[in-house]
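One structure coming up, written as structure tokens, with questions to follow.
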């Protein structure tokens, strides 16, 4: 099965472009956000920063994805760069490539329905959870802890069906 | 004594430009912020919105002032407009006019040292308090309540000395 | 007009019993609580402690009142004493005297409908506000600030009608 | 190896006394608290309630333990019963049996150094984590998720060394 890959036009906080393929072997937390989305600023970004603090980098990779689907002129890479600096975000952040429609490419591929969206991938690159809006830290911690243990005992992970549905226009969740 | 006046290049959420002179008769809360300043987003803006909700508009005017002193390319009026929409800010917001130096004009005139800064003016247009960073709601409420009562009993307010000092380069307070 | 007075069976954090009559000349914040009421522990007590910190003691007196109207065996003075110690409450706290009915005497006299209840009295001992449940700090600060200013300009305060209604059995507000 | 067992004088919220032996097969979260300990009320108890909400009861058992080591007269079972009612705590809670010394018996056996203390046991009844004070939900979620996954793939769990040290007098952590 072909895994879904990122489509990024520009990276911040990393010298080399990242791919999910290249991150295999680690759990990946993909935090999709828009810099002017209140729910992202209040919940999504702080959560990603906490994950980065709690889990060792070589086991859990935290990756930001700037999925602009509204106010495109207001959230350019120039503005994003200042945002990352002011909010002290130092994990790698990719700018999701704009496509033909209203949604950027990676957002479409993953079927994200708004921001913040958190996609959790296991060490084999398979999606195991997909959260829209505010997430319980206990719940998410449990999902990550499960993957770390499963990885530790060398269980082969298979694809997991996730409850994502129709590809609607994105919403910014407050 | 000549009161300090606003110097604004563009207004949002109001059809006619505002002046402190024109707001005389009402208590004025001037909330100076930068849209990418975390302390403004977490504390300053929500405080201004609470003031707007608690006090009647005809007695207390809440005015935002976008005092950009860093990352100028990242916080243009185009971005500000989207920010105001996303954070549901509907009180009038003026863009502080850029001057020759690093600080915009109104910020310099009022001796603001960073963002968020809250300047409280009485019904006669005199500055009665000047807060930098996070403010106690009890303290600020007390200051506003004092002005409303003083106004109600027709006491002539004189100028109040405020503890503002040297005009240093601005800081964004987290 | 006869002011309502406290009816207290035991005091903590003060060597001499307090009366509202004796507190005239100062604004009084009367914080009625039950030690096992979650809303009191989460909102009422911290608010009273903040008021104590923000306003000078000689102008604003913060007084606690333990108005037990349920679980009487569980909230005895012995338990209250430990509670005050653990929560570092050092303002004077009176135990509201139990009456014939379900509600203690002071609670009945003031028409309090549950806990936490905050009663604000002006420098003349008149009730000016009566809050049940969670209170806006801006609102309360404004009320206190108004009284302090009014006191400062020697305005004679008259009785204020407060929106308190039927004397129902008390509720513990979460 | 002999597992440490509870020593409880009275149970609430359960018709039959519980033992850790009897809970084998499930992950156990043992939340040790004192009803008048602010850190327990603000952090420990809400955390235990969140765990109860997030994880299925047949996989994760949440058990409260009232480990009174100070103010014994203030925190009797009568007061505890009202506390459980007011804070809507409906998981089983045992009263730790008082011993000869200052600390109750189970608290001593487990080497708990204060409240809140959270002890996490795996499905085999072995202690896998021991937290004093405020706990990261991500961290704790990860520990629980790891155990659930490990249990699911039938890995035999061995005893884990935990960083607990000298048996000092308990502290109530705020």
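Miscellaneous remarks
A, B, C and D are the chain letters, set down in written order, and residue numbers restart from 1 in every chain.
The rule is simple: a residue touches a chain if its C-beta (ideal position, glycine included) is under 8 Å from a C-beta of that chain, and two chains touch if they have at least 3 such contacts.
Just so we're clear, the structure is a prediction, and the values are computed from it rather than from any experiment.
Seen from the C-alpha centroid of chain B, the farthest chain centroid is that of D. Rounded to whole angstrom, the centroid-to-centroid distance between chain B and chain D, based on C-alpha atoms, equals 50 Å.
The centroid of the Cα atoms in chain A and the matching centroid in chain D are 35 Å apart.
Shared interface positions of chain A, defined as residues touching 2 or more other chains, are absent.
Viewed as a network of touching protein chains, the structure reduces to one closed ring of chains, two contacts apiece. Contact annotation for chain pairs lists A-B, A-D, B-C, C-D, with touch applied as defined.
Listing the residues of chain C that touch chain B in their complex gives 50-51, 54-55, 136-150, 153, 155. By the touch criterion given at the top, residues 36-38, 41-42, 70-71, 73-75, 78-79, 81-83, 85-87, 172 of chain B touch chain A in their complex.
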